[in-house]
Each structure stands twice: as C-alpha cells, then as structure tokens.
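What follows is a set of structures for review.
Heads up, the next two complexes both have subunit A, just with different partners, subunit B and then subunit C.
Entry: the complex of A and B
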C-alpha cells in the first residue's frame, strides 16, 4: 500500500512537471459568431491538449464589431480578435498601436479563414417576388437593414447595393447614389445592430425583405423555421471577409503568443474549416468547400478592395459624418 | 468653545463633509470631467460643427422634447397614483405599490423589447391601434411611451411620502371653513406637495433625457426623425470619433445640469413661499 502511494505521488509529480501550466485565451469577437466559436473552442482545446499536453480555456466576448474593437482599444486584454470587418481591426492598429499596420497580410486570404456574403431573407413563397437588388427599390417594397453607421454588417449591405447599381449603369457613381437613396427610402426602421434587425424582420414581421449576412440568414432559418422564411441569393454580392489576428502587445505580455497563433492557424485546418461550414460560413479549404457546396448558392462576389479601394476609403466616402450615407437623409 | 460649532448636535461635520466631497469627486466629477477634457482636444470650430449639425439638432429636439412631455404626463398620472397609494386602502395594495418600482428594477433593454413587442403593428396593443391609423412603435409616440414607463417611479416615489405626511385634517378644516374642492386642492394640498412634485418631475425628465437602452428598440432610429441624442453619441463612437461623441455628451451634460439647477431653484422658491 505504502509503495502504491509513493508511486502515485511520484507519478503525479512527474505529470505535473510534464504538463505545462493551463493557459487561458480571450477571443473578442462579434455577434453572429457566438454559436460557431462555442464548437470551435472545444475542438481547439482538444487539439491543443493532445499535441502539447497543455490545457487551454478560451473565453469569448461577443458584441457589435465596432464596440468590441473599442473595448480592445480601451484596454480589454484580448489575445486575439475575430471581428466583422478589417476596418475595426485597422482601428486597433491605428488608435492603440497594439498590432502592426500590416496585420492583415500575416495569415492567408487576407487573414480571413472563412468568408460570407450578403443575401436576402424573404417571407415564405417570396410573395413580393424579390429576386435581385433592383427589386428592392420598387415602390411598396419594405426593406429591413440595420444602420450602416452603427452596424458592420449593414455596411456590407450598403456597399453591395452600391456596387450592383454601379455595374448595372456602366460605372456611373451618381446612378449608384440614386439607387442607394431609393433603397433607403424603402427602409422603415434602422436597427443599431444585425441581431436587432433580425428580430424586427422575423418577430415583429416588419418588412418584405431583410438584407443579412448569409450565415445569419441560415441561422434565422434554423431558428425560426423554414416554413416562414426563405433565402434569396442576388445575382451579385460582396465578398464579406471577417478577419482575425492576434493582438501582439497582449500575447507578448501574457506569454500566450504560441497558443494564440496556433488557435488562429487551427481555423484554417480541416477541422476548423469543417466547423465554419457547419455554422454557415463559407470555408476556404477546397475539401470543406466541396462538402458544403450544396448549402451555398453560386453567386458572383466582388471584393471591397477592387470595388471601393479598401475599407478605409469606403468608410471615409460613405459612412463618415457628412458622407454619402448621411446625405441620403438630408 | 466656538458657538457656531454648537449648532450641530451630531459631531463629525468635518469628516463627513470631507467624505462627501471625496465621494462626489470620485464617482461623479472625475468621470464627467474626462468628457470635458476629451472635448478640449478638438478646436472650437470642430466642436461647434459637431454639436450643431442638422441631424444633431433634430435629435436634441426629439430627446429634450419627448422627455419633457413624458415627464409632464408622469407628473399628472404619477400624482394620481401616489395619491391613491398614500390615501386609500384597498385589497392587494402592497402588490400595486410594488408594481410602481418595476421600471426601476427592470433592465431597460428588456423594457424596450417588451414595449416594442406590444406596440409593434403585430403586437397586442399595436394591432388594435393600427386600424385607427395610430402607429406607436418606431415613431416618436413609441419613444414617449418608453420614457413614460421608465420615469413613472421617480414621480410616485418622491410624492408618496409627502402626501402620506400631509394630514387629511387640514383638508377637512379647509372644507369646513367653506373652501370648494378646487380651492382645497390648489391652496392647501398643492403648495404642500409642490416642491416634492417638482423634484419628481425633474428626476423623471433627467432620467428620460439620458435613457438609451429602452428607446433604441422602440424608436426605429430613423435619421432626422426618431434618432435620440444618446444614439448619435453611440454612432459617433462607432466611427471611432471619440471627440465628437464627447462633444455631444458635453452638450447634454450642460443642458441637463442647467435644467436641473433651474428646477432646484424653482423648488427652493416654492418651498420658501
């Protein structure tokens, strides 16, 4: 018996030496990723423990993308951020100097392991026959979108509509402006965030069409029933890339760089990509993309860089105070 | 011994005054002065432009206008509620009394979502009003209802103890001396409760001006129409325009403070009379 206890003690002691101290990570993310990261964090914790023997706990924080970026700027010790748009991470680089300006080139695909796009959610049977962007400006159509000034997702909506009209009119910017003005004339309520707008459309039953993240639209379908809603994919839409990055100053201070970087790389792994597809984000990896190919409709996607010269410029022209969006409501 | 020190029965004035000042500084003044300091980083022209844009002016009108209306509505109906609770006994009075405090305790976002659900066109009340052409949710009227909701306890809770202290004998005496009911109310009851009433209405108003959580859900947030000033502050923050956001905050702060000061003076004046 005594020998057994000694063996046990020695055993635990060696184990304690062998197993590194448990570590925690804080992932600061935006609203619709909630369900995805619950699954992904569990998968990564398993992966990390089997490869290194270290236990890792990932804490999540969710909220509007801009608000989340501000928390990090104001000192929330995020090891990594996974936000809705590059502009918000740019702000972290610019305002707080926590990451280098070149952060987006550090990981493949503009640091966006998965992507999404903007689609239409309509009532079952599509009673107003909404097929494409130009149906949204018809009189009598009521369109639901959050406010582009407060919602990252809504900025994608707005820019997608703009680019559609611009291409339809041979690159004429003034026509695009008219189109977007007409579209927002059809918007009866401007919620401040994506989830609020989903509630307005689905539960308050306001509006004929809801401009939504593709993953959020699928989630609404799953949540509220495919007997009430259906998804319409327009002829052309925007490539929405929600990027990720480690926060250098924080991981270096906390000594968590290795595990934080492994976490992000795991997003690009087969398992991570599969989980992304399962949660209605479009995976990058061909194998995972193939697997979920039937789930996602084919749609011509353009990037914000080719259409608007990047986020910074789009933000300045369209969404800053006195910008094009404000002029619509003059 | 210094005679002036004898006026206080309880000792410890110096200590408690020091504590009061430290506490107020820590909790109120230092955070608020940060708003002023942040605003100071922008020049006058930029400050003026930020606080006088047409959209911002529209939001002041809405925020202060609807808050004032809501406070007045609460002033009238809150008085009735306080009067009933103070003067009459009826079954389940304790329960009714507790209802009054609900708007205090409820997270305002919950209130906003609940009110929107009820007053939206497919909601219980909204669906009854819609055929009459009355739209509540996503209109200024909806904002008014949310602000009345959150302001009610302020009026009731400040008035109730005063009315309870007011002897019914005085009213009876007035009546027996030949005063009409209106005279009894305006010349006997009203002067006694007026200071507390003003305080209650002022607090309801101040609360309404700063309210955000419940209003954003029911207002619809349409620029120039149903955007409250606190929402514009959030909008500016969303663009990382910290200085612009605090500029608006400073305007609200100064305006609220001026109004509260005015009401306090009014109250002091009415108490002296």
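Entry: the complex of A and C
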C-alpha cells in the first residue's frame, strides 16, 4: 500500500510537472468571421492539444475592422488579429509599433489564408431587379452598407463601386465620384460594422439591397432562409483579402508566440482551409478550393493594388478625415 | 428631427403594422404604404443605432462625480481615477481655573488638509496629503501603493506607523477632538516601507513595515542614524461574518515596534509628552553641556495591545502601551519604561451604530424635515506614567517634568451629516510632580470644534 501511494504521488507530481500549463489566446477579428472562428478555434484547440499536450482556449472579439484595429492600438491585448483589410493591420504597425512593417510577408498569400468578394443580397425574387452596380444608383433603390470609416467590408464595397464606375466611364475618376456619391444618397442607415448592417437588412427588413461580404451573404441565406433572400453576383467585384498576423509585442510579453503562430499556420492547413470553405470563404488550398468551387459564382475580380495602388493610397484618398467619402457623405 | 417627432413617426409605423396585420392587406402592396413602412423602419433603426452608439460612448466616457465621499474624476473603466478629499477643523479652546493665565485661550485652525488619491491602473495608487493647520505647511501623507490583492499590498513613502489604535484612526473620525495620553507613546508619521493586507474578508488585518524610527508622538522626515524600526500589527475581528450580532463589532489586536536609536546633544532622538491641550508636561533633560543631556542610546521597544467593541449604539475603546527606551547621558545609561492606557466609551443618543469610522447619521441635518443628525455622548479616562529611573538617573527633572498624568474627560459629538460635525470636549488632567513646588497645576480644557470633511 505504501509503495502504491508513493508511486501515485510520484506519478502525480511527474504529470503535474510534465503537463504544460493551459494557455489562452485572444483573436481580435472583424464582424462576419464569428461563426467561422468558433468552429476553427475548436479544431485548432484539438489539434494543438494532440500535438503538444497543451490545452488552449481562444477568446474572440468582433466588431468593425477599423474599430477593432483602434482597440488594439489603444491597448486591447490581442495575441493575433484577423481583420478585414491590410490597412487596419498596417495602422497597428505604424501607430502602436506592435508588429513590424513587414508583417504581411510573413505568411503565404499576403498573409490572407482565404479570400472573398463583395456581392449583393436582395429580397427573394429580386423585386427591384437589381443585377449590377449601376442599378444601385437608380431612384427609389435603398442600399444597405456599413460605414466605410469604421467597417472594412464597407471600404471593400465602396472601392468596388468606384472601380466599376471608373471602368464603365473609360477611367474617368470624376464619373466614379458622381456614381459613388449617388450610391450613398441611396443609403438610409450607416451601421458601424458588417454584422450590424446584416441586422438592418435582414432582421429589420430595411432596404432593397445589401452590399455584403460573400460569406456573410451566404450565412444570411443559411440562417434566415433562401425563401426570403437571394444573392446577386455583379459583373465585376473586388478581390477582398482579409489578412492575419500575430501581434509580436503581445505574444512575446505573454509567452504565446509559438501557439499563436501555430494558430495562424493552421488556417493554411487542410482542415483550416476546409473550414474556411464551409463558412463560405474562398480557400487558397487547391483541394479545398476544388471542393467548394460549386458554391461560388464566377466573377471578374480586380485587386486593390491594380485599381487603387494599394490600401495606403486608397485609404488616404477616400477614407481619411476630409477624404472623398467625407466630402460626398455629409 | 427630435425624439418627439420620432415618436409620432413610430406611432404611425405602429398603425401601419397594425393595418398590415389585421386584414388591410391591399394597402400593403401599395407603394406609398411600403415607402412609409420603410421610412418608419429606418427611423426606428436609426434610433436603435443612436442608442447603441450612446451606450458605447458612455462606456468610454470618463466620469466626474461628487458626493459625501469627495469629488472624483475616473476613466470609463474606473482603472484610472483622481479623488479629491479634504477637511477643516476649526477649534475654540478655553482653559478653566487657569490661575495666572499660564495657558492661552485661543481660536485655532487645528487642521486644514487636502487629500489627493490617484488610482493608476489595477496595481498602482498614490496619495498626497498636505496640511495647513496652525498656519504651517506640512506634508502628512505621501506614498505609493503597489496593490496586489486584498491580502497583499505594498506601500512605500510617508505614512502612519502601524501601532496605536487611536493614532491609526483619521483625525476626523476619532471620538475626542484630541488624542488620549496613550497615543503620546505612539510614533506618528514616518518614511518607510509597509506590507499590509486583509485576510478572511477582513477578519484579520495585518501590517508589517520598516521605518526610519521616530520618537514617541513625533512625525519625522528623515533618519538620524543607520538603524530602522520594524513595526508589526495584527487586528482581528473574529465574528465579523458570524450570526452572533452582539459579537460582530468586537475587534482586538496587538502591535509593536522594535529598533535601535542613538541620539546626539543636538538631536537627542527622545520624545516630549503633551496633554490634551498640547502643552508639554514631560521632556527629557537638555543642556548645552553634553553630560547633562539625555539622548537615545540603544534599543527601543513598544508593545500595544488594543481593543474596540461596538454593539447597538454603544462603543468601548481600550488601549495600553508600554514604550521601553534605552537612554544615556554623560554619567550613565538606563532602560526606561513609559506606560500609558486609555478607556473610552460612547453612546449614540439617536441610535446609530458607532464605529472606528465615526457615526453616520441616519437622519442628516435638515430642520425643515425635522431632522437633526446624530448625537453621541462620550467619556474617557487615561494615564501616562514615566519610569522613576528617568528622574533618578537625571534624564529628566522632576521640577519641570511630571512623573505621571491622569486625564478624565467627556463631551458631546453632533454629527449633522456625514460631512459636518460639531463637538464639545471637556478634559481635566492632573499631574504628579512637574513643578518646582510639587505638582503641576491641573489642566482643565474645553475644546469646541467645527469640522467639515469631504
């Protein structure tokens, strides 16, 4: 009996010493990723515990991408961010110096493990016959989009509309400005984030068309019923690449770099990519992309770099204080 | 558009909804009805968003507050705050039977203090408290707190030495206007480092610190030698959370200091002891001649058991202190033991429960409502005895310093509100020795005080 108790004590002590301490991560993300990261976090926690024996709990924070970036700049201790656009993460680098300026080159595909685009969500039967961007500026059309000053998705919306009008008018920027100005005259409510705008359109039944992340549109269809809503894919849209990164100063301070980096790498894994496709993000991995190809429509996508010279320039021209958006939406 | 107009539109929207859901379906297909419906929905959503924005902004907006506990400015999450408090004590002091007008009747601004408390995040806090009483500027408290938890905190700077119970009370919360003789044996404020906390939800409080080491009754600003005093105090309220209501207000504790002090002719490092009227009745012998000057010369130890009990409107406060000090002069050295004690009691006539934090009136002063605040009767008795060896060894002169002092006092406290208090004390102190012709004359003092604190 004495031997048994001694062995038990030694065994317990050994286990206590050997088992790594549980760890927590905070993933600060934007609005429409909630459901995806709920599933992804569970998958990663299983993967991490299986490979390292360590339990990991991932906390999520969601909101408008710009607002979320400001929270991190103001001190929200995010181990990693998964935001809607690179500019918001650039701001974390420039204003708070929490990550190096070269953060986007640390992971494949500009640190965007999945991508998406902007589509239209309309009422079932498309009663206002909205088919393309130019239908949005017609009199009597009510358009729902969040505020580009606070929402990453809204900035994608705005830029997609701008580029459509520019191409339609032979590259004339002034025509593009008139077009976007007319479009925002048809916007009755500006929510601060994509999820709020979904609520406005779907639950409050306001507006005729909702300019939405593709995954958010599919999610609304799934949640609220294909008998009430349908997706319209415009002739051209923007390649929306939501990027991810660890927040170096936070993970180094908290000692969570290894698990945070593994978390982001897992986004590129087969399981991570499959989950992205399942949640209506377009996967990068060919196998996953193939698997989910049928759920995404073919659409001509342009990039932010080719149309606007990158996020920095687009931000300064259109969304900075006093920029074009402030001038057209008063 | 104001909220009232929004309200009308919402009411109209309600009408639209009602008609749309009570069989008037034909109209809902009408574009005009649909347009109106959309307008109402938009207004409703805008109100919803405005409320959300207001709620979010409220979470981020610093708060400015004012109340009986002072004035404060705090960040939205309360992690950072600045609290302004303070108090004024204005006295009138009259001596009775003062033959020869030895003691001066006077009006006195006893204390005029500003207290600034800063909370700097979860783990750091600071206090700065200057006092301008008596027309002088003196820094009373100035310290930094490193807050770990209820059980473990660290204070560095100038603060009260944890020894005497009455000394540790705020001067605004003490039962009498002036401290009892027993408190003359406790050091006042000192620079040092203090570990403190509370365990068992306040059942046990502890203090453990190292200080420069000041004489009894004194506040000092720096040390005069290389040694530090160690101070420790435990304070138990064992029935604080029990069902035995009669015992919930019983607290007792033990405190002590140990240290080694050495003085010089210019800075003897020894105390003087004062009466309620702040008149010195005992001092060690000083002289320009080093051989006749008593100085601190070795160990100093203080032991202070203490008790406080409050039940219903009644309270009892008891303290005993023995202060043992090695002294020396040109012809020898001795270890002197000074002892003091006090028993004080009070009865709140208006029924409120007294505590070491004073009395909070159940019906604050408001004559229009027939409310007059709280009234408390009080009495105390105490004594301070000087070691005979102080006189036998020539460390003090019996013709100038008393061998003992006994004080009996009583009075009335009128707590008008939590912030305003009027009090009237009478105390008679009798002495053994202390005069060329025998005993020093009795001190009979009346102290009236008007106090406002916030």
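Going forward, the second predicted complex is superposed on the first by the 310 of 330 C-alpha atoms of A that agree within 3 Å, B and C clash if a C-alpha of one lies under 4 Å from a C-alpha of the other, contacts with A are read in each partner's own complex, and residues count from 1 in each chain.
Rule of thumb we're sticking to: contacts are C-beta pairs under 8 Å (C-beta built on N, C-alpha and C of every residue); 3 or more make two chains touch, one makes a residue touch a chain.
This is a predicted model, so every value here is computed, not measured.
Colleague: Looking at the combined model built on subunit A, do subunit B and subunit C fit side by side or clash?
Modeller: After superposition on subunit A, which the two structures share, subunit B runs into subunit C.
Colleague: Look at A:205 in the shared chain and tell me whether it touches subunit B only, subunit C only, both, or neither; answer first, second, both or neither.
Modeller: Both: A:205 reaches subunit B and subunit C.
Colleague: Taking the superposition on A as described, I'd like to know which of subunit B and subunit C A:142 touches: first, second, both or neither.
Modeller: second
Colleague: Thinking of the overlay built on chain A, is A:273 touched by subunit B (first), by subunit C (second), by both, or by neither?
Modeller: In the superposition, A:273 contacts neither subunit B nor subunit C.
Colleague: Contact-wise, after the overlay, does A:321 reach subunit B, subunit C, both or neither (first, second, both, neither)?
Modeller: A:321 contacts subunit B only, not subunit C.
Colleague: See if subunit A has more residues touched by subunit B or by subunit C, and give me that chain.
Modeller: Touched residues of subunit A are more numerous for B.
Colleague: For A:116, using the defined touch cut-off, is the partner it touches subunit B, subunit C, both, or neither? Pick first, second, both or neither.
Modeller: Touch status of A:116: no partner.
Colleague: Output check: A:104 vs subunit B and subunit C. Expected answer is one of first, second, both, neither. What do you get?
Modeller: Touch partners of A:104: none, neither subunit B nor subunit C.
Colleague: Which partner does A:329 reach: the first (subunit B), the second (subunit C), both, or neither?
Modeller: Only subunit B is touched by A:329; subunit C is not.
Colleague: Could you look at A:66 and tell me whether it touches subunit B, subunit C, both or neither (first, second, both, neither)?
Modeller: So A:66 only meets subunit B here.
Colleague: Kindly classify A:186 by the partners it touches after superposition: subunit B alone (first), subunit C alone (second), both, or neither?
Modeller: The answer is neither, since A:186 touches no partner chain.
Colleague: With the two structures fitted on A, what stretch of subunit B runs into subunit C, 41-49, 113-121, 149-157 or 185-193?
Modeller: 113-121
Colleague: Once the two structures are fitted together, what part of subunit A is touched by subunit B and by subunit C alike?
Modeller: 188-189, 191-192, 196, 204-206
Colleague: Given the complex with subunit A, which residues does subunit C contribute to the contact?
Modeller: Residues of subunit C touching subunit A: 38, 41-42, 44-46, 48-49, 53.
Colleague: Quick one: in the complex, what on subunit A touches subunit B?
Modeller: 64, 66-67, 70, 73, 91, 95, 147, 149-150, 188-192, 196, 199, 203-206, 315, 319-322, 326, 329-330
Colleague: Spell out the residues on subunit A that touch subunit C in their complex, using ranges where they run on.
Modeller: That would be residues 142, 188-189, 191-192, 196, 200, 204-207 of subunit A.
Colleague: Which residues of subunit B touch subunit A in the complex?
Modeller: For subunit B paired with subunit A, touching residues are 50, 53-55, 113, 116-117, 120-123, 137-138, 216-217, 220-224, 231, 234-241, 244.
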